[in-house]
Every structure is written in structure tokens, then in C-alpha cells.
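Below, each structure is written out as C-alpha cells.
Consider the two complexes below, in which subunit A is the common component and subunit B and subunit C are the respective partners.
Up next, the complex of A and B:
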């Protein structure tokens, strides 16, 4: 069961919405929790135990931290000024122990389940290179669905309790629902406790506006998924599986269409997830903000998978920057190389940690590490050359707010993103390098102009319908970028226009959707990470 | 609240109306591939004369590759049509039985057993009901080939299939050895929902005056003794006749080195001849089918046989 399957949309979701609204408000959270566990069970079965262990650990460690904080506060009340610092330090150490225990168990689970095969294979390769006659047995585990997402939520909760941004929750039901809420468990968004826990637990009745807005958003997501993602899938499979049969032009087509597919798939699922949240009166954080309008790679990552980027920023980037060693490095750097490049030394270390983690978070393979390092280098280079670019622009009297200049920056950023996604999708790092080399050294439009591209599972009609849908989404993105809320604007129009638009959307999905006999829909792509 | 419910009902009613209009446009106006009909071989039955088919066989690709109705016609004068489709699930079978029995009243309905173990989730029957109510959901891909006539033409199903649903597999892709169907006490359970579908098929066939039987055609890859035991147990309990051709290795003598087109998944035409010969004797022994060979109403079948024999040599 996934969010785009009929069993979920036609049966599971309506039943949960009906049950949720029929039950008294104080028990509604139980419906959501039960539905969430049923959803998890339907995909991962007994692996639900990992989710339960994570929930239990959050609960226990949260209360443990809270207890220590209360004890500290009690001691501080009666302490003299000179002692206060010592007491605080004593309790910081105690809390750190709890934080480390919690993080080791949570990260230990994900490392064993997700990375042991990768680590084992690489250690064995190392033994081989060193001519050592040792081979480690390589374990292989089945991962529970969404472990990469809910583990980050669990860690953020405990760190926020540790930092006293939030109070530890004494209600294990609320905590369990926050970590397992079924629309977000597969692909996020990675929510913070203060964003969703209370509204989930509150059990607000579904309103007419929430229902209609939610359904609209779900339909918009389905349009992306069914019309674009599933329709271009045969072409992408063919190009990435048999890349040696094609010239550089086809490689470029595959690279562009894969990026389009990934964006439409992930953002489409997010539309469905956020739409479901709206039906239950829960405002979930947005995960995309027109990423292809980014002027730099750094900006791109503040618009693409926003909640993951924000998590890395808050729980890796800033903590690394604020370590004593990094602070010292910054002070030293300021003196030696100035106020711009000085802080860049420490921030580049933090940035490196973020991008290693980002790469590994996406998967346990060298291609993902390369993907992370690729973006690290691009962002770092961007920061290093920024003053130089400003100087050149000033000299050449180039206005960086000029429309054409901005378009050029967007195109450049998009091309860099395309290249990164090529390596991301390729079957291993070697295949990625081969495809990229083929694209550059063997670039030709022959297989595009002679019609080969139309014989790879996507015909001219498919391309036309994909292009029209992309155009519609582009126009909507432009309006959103200008701060116009499309759904609010539509809701103010007269009923004929409003309903006509809804009918057009529904009919477009039914007529132009890629479903039915012989079509295998693609499972949500980010659910595998 | 009341106002919103009324608004919602009006919205849905208009949507249903639009879908009905679109369904009329998108539904193939003829049961041939040229008009956009999917699985046109099986649907060739819709072009046959009313009440002219005595045996109809349903199931997945095992069915269409293994049974030659035209050979039965040649040998016994029986009229049979295979209404199997690649990947046909039991809900699909139910729908096909319902559709075919609108114009045909066969004496025997055969369900090939392979799809009995093909587990289907609960949304499949819902999807099939939606397909029946709104054919646009089944034929939506025709947007690529819509013609002006689709907007005003009447539906006329008059195309027949000279193979009567049989799919010719000419190639040979051997399996190394002939061993399979090792005897065991093990029983492979039939999924609960699938049992309900089979019960419905039996009920509906008998309601329409047909005897309902289950036949398992040879498939080295897909069939085993545990499945045989599972179907046998269920069939005995429900009073359904079950013929397992996989069990009759000596009588049929399928040689998996020369008589399969895909490593034991399906039999090729040589295997299909053996299967059809056996089924012919079995049907003949039942003494419920008429020989229509000399009936002038079935003259077209003799012409179809001539065409069939030009394409399929055996």
C-alpha cells in the first residue's frame, strides 16, 4: 500500500476519514494512531517493532532528560552564584550521556539495517586489496519503511528536549502519533515536534474547507504522479539500464527526464501527504518551494527537500560550527585571511559533514557519497568565488537583479542539478561516470532527430501530454513564486469557473493518466531512501 | 452543512454525467484491435452468433497458449471459445463470464487453475466495477487514436477470431529435464477472496445453465503438487469437478525439451495439440456436447478452420 495506490486512496483513506470524524474528539488521535500502525504493518509487517522501539526510546529518554533538568533547576534554586556554573556543567554532562545513549541506539539501528551491507562489502574489498585472507560475512537486513525519516524526527525531538526548546512529552500516545502519522511515514516531510504533535493529538473535526482543499492538493499530486512520473518511466528505465546503446543526446534526455521524474514524484507525493494532513486539520511543513527557480546550488537546497535540509542545518551544520575547535578556527581565520574567508574555514568543515551525511542518508552506495560530495564542492566553490564574481560584475556593470542575468543563473543551477541527478540515478558510480563521459564526448542529436528516442517506451503523444502538464505546473510555480495562493484565488471565483477547473483536473487524470492494463506504476521513489 | 452536502452531490452528479459522455466516446465501437479493443482475441466471442458456443474456457495466459478450439471443431465439431487473457485475475474472469454470458449460454464453463493462486487485493474488484460503470477508465489510453467517428458511431461487436481465443506459440525454449509434480502431502492454501470468486463463478455458471469445472493445463514452471492438493481439496468440498493435466504426465507425455516456448512456463503449439487432444476425448466422454459440423448455421466455423490451418500447422 502506497499513497498513490487505489487501495489507499479509494479504501483506506476514506475509511480513516469517516472513522476519525464519527468518533468523539478526545479519541480521534487513537484512530490516527491505529491507522498509522495498520499502514506501517501493511508494508513492513513485523518490522513495526523498530518503530515501537524508537517511540519507546524517545519517550523514556525525553522524560529522563526532563528529570535531570528538573533536578538541576532544584539545585540551582538553592545554589550560590559561584556554584551555579558548576551545577550547570554537571548536568550538561549527565544530559549528554542520555543524548549519546539515545543517539547511539537510534543511529545504531539505522546503521545496522541500512549500511551494514555497504560497510561489509567495502571492508572485504579493503582486505582483498591488502592481500589479507579475511572475508567478513556480509549481513543483509530488510529495512522497515520510512526508517530514514522517522529516525531523524526522533533524534530532533530528543535534541530539542535536551536544548530545552520543548518539554518532554508525558503522553506516549501523542509521541507515538507524531513519529508514525501514516501520511508522513514513507517520505516525510520530516516534521518537528512543535510543528505537528499537538495538532495531530487535538483531533479537530474535518472542515469543508479542509476537505476540499485537501482533495484539491491530493488531485494535484496525483496529476504529477500519474500523468508524468509513470508515463516517462519506461524511457528512463531503458536509458539508464542500457546506456551503452545510446549517444550523448539520449543521455542528456535521460538525465533531464529523470530529474523531472524525481521532482514530480517526490513533490507529487508531498502534495498528497500535505493534502491528507489538511483533511485532518494538520498543517504539515512544505518540502518544496519551486526549486528550479534557484539561482545557486545553495539556494536550491533551501527549496528542494526543505525539511531534510533544515534538519541537517539545525542538527549538524550549526552544532559543528559552534564547537570550540570550529570557533577557534574561525577566530584564527578572521585574523589571517579576513572576515569573509575566515569563517568559511569552519563552515566548510560543517558543510562537509552535512553533505557526507546527506549523501549517505540517500543510500548506502558510493554514488550517493559522490552525489553528496558533488554538491559540497559546488556550494563551497560558490562561496569561495562569490566576492570575485561580485567584483567582475561591478567591473562589467552587470546588474545582478537583471532579469536575463537571473535567468542565466537559474539555467546554470538547473544544469548542475541535472548532472548531480545523473550520478544519483545511475546504477553505481562507474555507470554514472560512463554515462556522463558518453554524454559529453559522444554528444549527438542523431538518435533524437532520427526518432530513436520515440521508440523507447514514450511516443510523441506521450511527450506532448507530458510537455503540456509540465507547462501547467510551470505556470502554477511562477504564480506561487510571486506569492499568489492558487487555491485561495480559485476559491474566490464563481462556481462555474471553479468547478470547471476541478472537472478539468479530474478528467485530465482519468484520461491522460498512465494506468491500466500492462502498466506497472512506479513506487514512490523517496520511500527507498 | 446541509448546503455543502447538496453542493457535493450536485458536483458528483455532474462528474458522473461527464464520465458517461466520455465513456461513450472512448469505448471501442467494434471488438477488433483496429478499433482499440484490448485483448481482442478473447473478445472475438462477442462477434459470434448468439448461443453458438458450447464451451468457454477462462483463465490467464496458460489458457490461451494451451487449448486450440479449432482443433476441437475439426475433431469433434464442438464449439469452444477461449476467453483467457494474459494476467487475467479472478475478478477479471468474473467480469468476462458476466459479459460473455449475455449472449452465450454454454453447456460447460472451464476455469483454468493458474489464476486461482494469483492473489488480488480488494481494490481490483472495485476497479472492475468502476471499469464497467465508466468504460473511460478502461479505454482512456485511446485518446491517442480517437477518430471523429468515435464521437457519433454506434457500438457494433461483429468481429470474430479465427483462432477462437487460442494464441499460437511457435517457438521452442526448452527446460533441461521433465521432472515436476513431485508428490507431497503439502497443501497450498487458496487465498480467501479467491475462494469467494470461484464460488461466485460456479453459482453464476449454474444459474445460466452451465456445468462449472476447473482444469489445470500443463505448466512446469507454475504448477506443483501442493497447488494441486489445494485446488483438489477446495473442489471436492464445493462439489466442483477438477481435472489436473499436470498430474497426467504419462497420458499427455508433454516433452518440456521440445514442447514449451518459454522454459516450461507455457506449452508451445506442439504441447497445445497434446492438451487439446486430451481435452477433446474428455469432453466427448461427457456426452453433453453436440457435434455441429454438419449444421448449416455453423458454416463459418468450417471456413475459419481452413484459415486457421493455414496459420497453424500440426
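Up next, the complex of A and C:
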């Protein structure tokens, strides 16, 4: 069962919504929790135990931290000013032990389940290179669904309690629902405790606005998924599985269409997830903000998978930058190489940590590490040459707010994103390098112009339908970028026009959707991470 | 407060720090500027700025940054 399957959309979700609204408010959270565990069980079965362990750990460690903080506060009440610093330091050490225990267990679970095969294979390769007659057995585990997402939520909760940004939750039911809420468990968004925990637990009745807005958003996500993602899939599979049969032009087509597919899939699922949240009166954080309008790669990552980027920023980037050693490096750097490049030294160390983690978070393969390093280098280079670009622009009197200049920046950023996604999707790092080399050194439009591209599972009619849908989504994105809320505008129209639009969207999905015999719908792509 | 304005001007001197209330929202202070600012403030005012305090509300204006410094000094 996934969010785009009919069993979920026409049976599971409506039943949960009905049960949720029939039950008294104070018990509604129990319906959501039960539905969340049933959803998890339907995909991962007994692996639900990992989610339960994570929940239990969050609960115990949170309260443990709170207990230490209360003890510290009691001691501080009676302490003189000189003693206060010593008491605080003593309790920081105690709390750090709890934090380390919690992180080791949570990260230990994900490392064993997600990375042990990758680590084992690479250690064995290393032994072979060193001519050592040792080969480790390579374990293989099945991962519970969403482990990469809910582990980050669990870690952020404990760190926030440790930092006293939030109080530890004494209600294990609320905590369990926060970590397991069924719409977000597969692909996020990665929520912070203060963003969703209370509204999930509150059990607000579904309102007419919440229901209609939620359904609209779900339909919009389904449009992306069924019309574009599934329709485009045969061509992507063919190009990436048999890349050696095609020229560079086809490689470029595969690279562009895969990026389009990934965006439509992930942002489409997010539309469905946020839409479901709206039905239950829960405002989930947005995960996309028109990413292809980014002027730089750094900006792209503040618009694409926003909650993951924000997580890395808050729990890796700033904590690394603000370690004592990095702060000393920043102060030293500012004196030696100036205000701009000085802090860049510490920032680049933190960025390296972020992008190694980002790459590995996506998967346990060298191609993902390459993907992370690719973005690290691009962001760092962007930072390094920024003053030079400003100088050149000033000398040449180029206005950086000029429309054409901005369009050029967006196109450049998009091309860099395409290249990154080529390596991301390729079957391994070697395949990625081969495909990229083929695209650059063997670029030709021949297989596009002679019609080969139309024989790879996506014909001219498919391309026309995809192009029209992309155009519609592009226009909506432009309006959103200009701050126009399309859904609010539609909701103010008269009932005939409003419902005509809804029916048009439903009919478009039914008529132009890619489903039926011979069509294998693609499971949500980010669920595999 | 005057010293804080001086520190901010050392980082970027083309901004009206007395009146600007959108230093983060408008991207005037980016992540590099924040790193510099935190290192400098900690050294100058003998405070520790924890990462949990690095939120737009605390850095959007010179006044907000100053309030943060004063609060951290009071908390010891």
C-alpha cells in the first residue's frame, strides 16, 4: 500500500477520515495512531518493532534529559554566581551521555540495516586489494519503511530537548503519533516536534475548507504522478538500463526526463501528504518551493527537499561551524584572509560533513557519495568565486537583477542539477561516468531526429500529454513564485467555475493518466531512501 | 550596542543596521556572515551562543541581536 494506490486512496484514507470524525475529539489521535501502525504494518510487517523501539527510546531519553535539567535548575537556585558555571558544565556532561546513548542506538540501527552491506562489500574489496585472505560475510537486512525519515525526526526531537528548545513529552501516545503519522512515514516531510505533534494530537474535526483544499492538493499530486511519472517511466528504464545502445543526445533526454520524473514524483507525493494533513487539520511543512527557479545550487537546496536541507543546516552545519575549533578557525581566518574568506574555512568543513551525510542518507553506494560531493564542490566553488563574479559584473555594468541575467543563472543551475541527477539515477558510479562521458563525447541529435527516441516506450502522444501537463505545472509555479495563491483564488470563484475546475482535474487524471494493463506504476521513489 | 553595530559593519558596511529589521529574511546576513558574527560576538561579549538560538528572529535586526546578547549575559 502506497499513497498513490487505489486501495489507499479509495478505501484506507476515506475509512480513516470517517472513523476520525465519528469519534469524540479526545480519542481522535488514537484513530490516527492505529491507522499509522496499520499502514506501516501493511508495508513492513514485523519491522514495526524498529519504529516502536525508536519511539520508546525517544520517550525514555527525552524524560531522562528533562530529569537532569530539572535537577540542574534545582541546584542553580541555591548556588552562588561563581558556582553556577560549574553546575551547568557538570549537567552538560551528564546530558551529553544521554544524547550519545540515544544517538548511538538510533544511528546504530540505521547503519546496520542500511549500510552494513555497503560497508562489508567495501571492506572485502580492501582486503582483496591488500592481498589479505580474509573475506567478511556480507549481511543483508530488510529496511523498515521510512527509517531514513523517522530516524532524523527522532534525532531532532532528542537534540531539541537536550538544547531545551522544547520540553520532553510525557505523553507517549503523542510522541508515537508524531514519529509514525502515516502520510509522512514513507517520504517525509521531516517534521520537527513543535511543527506537528500538538496539532496531530489535538484531533480537530475535518472542516469543509480542509477537506476541499486537501482533496485539491491530493488531486494535484496525483496528476503529477499518474500523468507524468508513470507515463515517462518506460523510457527512463530503457535509457538507464541500456545506455550503451544510445548516443549522447538520448543520454541528455534521459537525464532531463529523469530529473523531471523525480521532481514530479517526490513533489507529487508531498502534495498528497500535505493534502491529507489538511484534511486532518494538520499543517505539514512544505518540502518544495519552485526549485527550478533557483539562481544557484546553494539556493536550489533551500527549495528542493527543504526539510532535509533544514535538518542538515540545524543539526550538522551550524553545530560544526560553531564548535570551539571552528570558531577559532573563523576568528583566525578573518584576521588573515578577510571577512569573506575567513569564515569560509569553517563553513567548508561543515559543508563537507553535510554533503557526505546528504549523499549517504540517499543510499549506501558510491554514486550517492559522488552525488553529495558533486554538490559540495559546486556550492563551495560558488562561494569562492562569488566576490570575483561581483567584481566582473560591476566592471561590465551587468545588473544582477536583470531578467535575462537571472534566466541565465536559472538555466545554468538547472543544467548542473540535471548532471547531478544523472549520477544519482545511474546504476552505479561507473555507469554514471560512462553515461556522462557518452553524453559529452558522443553528443548527436541523430537518434532524436530519426525517431529512435519515440520507440523507447514513450510515443509522440505521450510526449504531447507530458508537455501540456508540464506547461500547466510551470504556469502554476510561476504564479506561486509571484506570491499568488491559486487555491485561495479558486476558492473565491463561484461554485460553477470552482467545481468545473475540480472535475476538469479529475477527468484529466482519468483520461490522460497512465494506468491499466501493461502499465506498472512506479512506487514512490524517495521511499527507497 | 555601538560595538555590535561596529562588528556588523566590519562584516558588511553597506547596510543601515540601525533601522533594518530583515537582515536574515532579505539575505543580508547569510550563513557565512552568521558564523563570523557569532565568533565575534562570543569573543567580544563573553557569551556562548548555542545553535538553538540561531534562528531568524534573533538575527533579523541589530536590536534583536543585542537583545540576544543581553539575555545570554544575564543567563550567565
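Basically, the second predicted complex is superposed on the first by the 529 of 529 C-alpha atoms of A that agree within 3 Å, B and C clash if a C-alpha of one lies under 4 Å from a C-alpha of the other, contacts with A are read in each partner's own complex, and residues count from 1 in each chain.
To be clear about the criterion, a residue touches a chain if its C-beta (ideal position, glycine included) is under 8 Å from a C-beta of that chain, and two chains touch if they have at least 3 such contacts.
None of these values were measured; they are calculated from a predicted model.
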Subunit C versus subunit B on the shared subunit A, clash or fit after superposition: fit
First (subunit B), second (subunit C), both or neither touched by A:461: first
Subunit B versus subunit C as contact partner of A:513, first or second or both or neither: first
Partner chain(s) touched by A:499 [first = subunit B, second = subunit C, both, neither]: first
Of subunit C and subunit B, partner touching more subunit A residues: C
Subunit B versus subunit C as contact partner of A:208, first or second or both or neither: first
Partner chain in contact with A:10 - subunit B first, subunit C second, else both or neither: first
Subunit B versus subunit C as contact partner of A:24, first or second or both or neither: neither
C-alpha centroid angle, subunit C to subunit B via subunit A, nearest 10°: 170
Shortest span in Å between Cα atoms of subunit B and of subunit C, once chain A is used as the common reference: 40
Footprint of subunit A on subunit C - complex, ascending: 10-12, 31-36, 38-40, 42-43, 49-52, 54, 76
In the complex, subunit A residues that touch subunit C: 81, 84-85, 160, 163-165, 313-314, 317-319, 321-322, 326-327, 330-331, 334, 339-340, 342-344, 346-347, 383
Subunit B - residues contacting subunit A, complex: 1, 4, 11, 14-15, 18-19, 22, 26, 38-39, 121-123, 126-127, 136-138, 140-141, 143-144
Subunit B-touching residues of subunit A, taken from the complex the two chains share: 5-7, 10-11, 208, 459, 461, 499, 502-503, 506-507, 510-513, 515-517
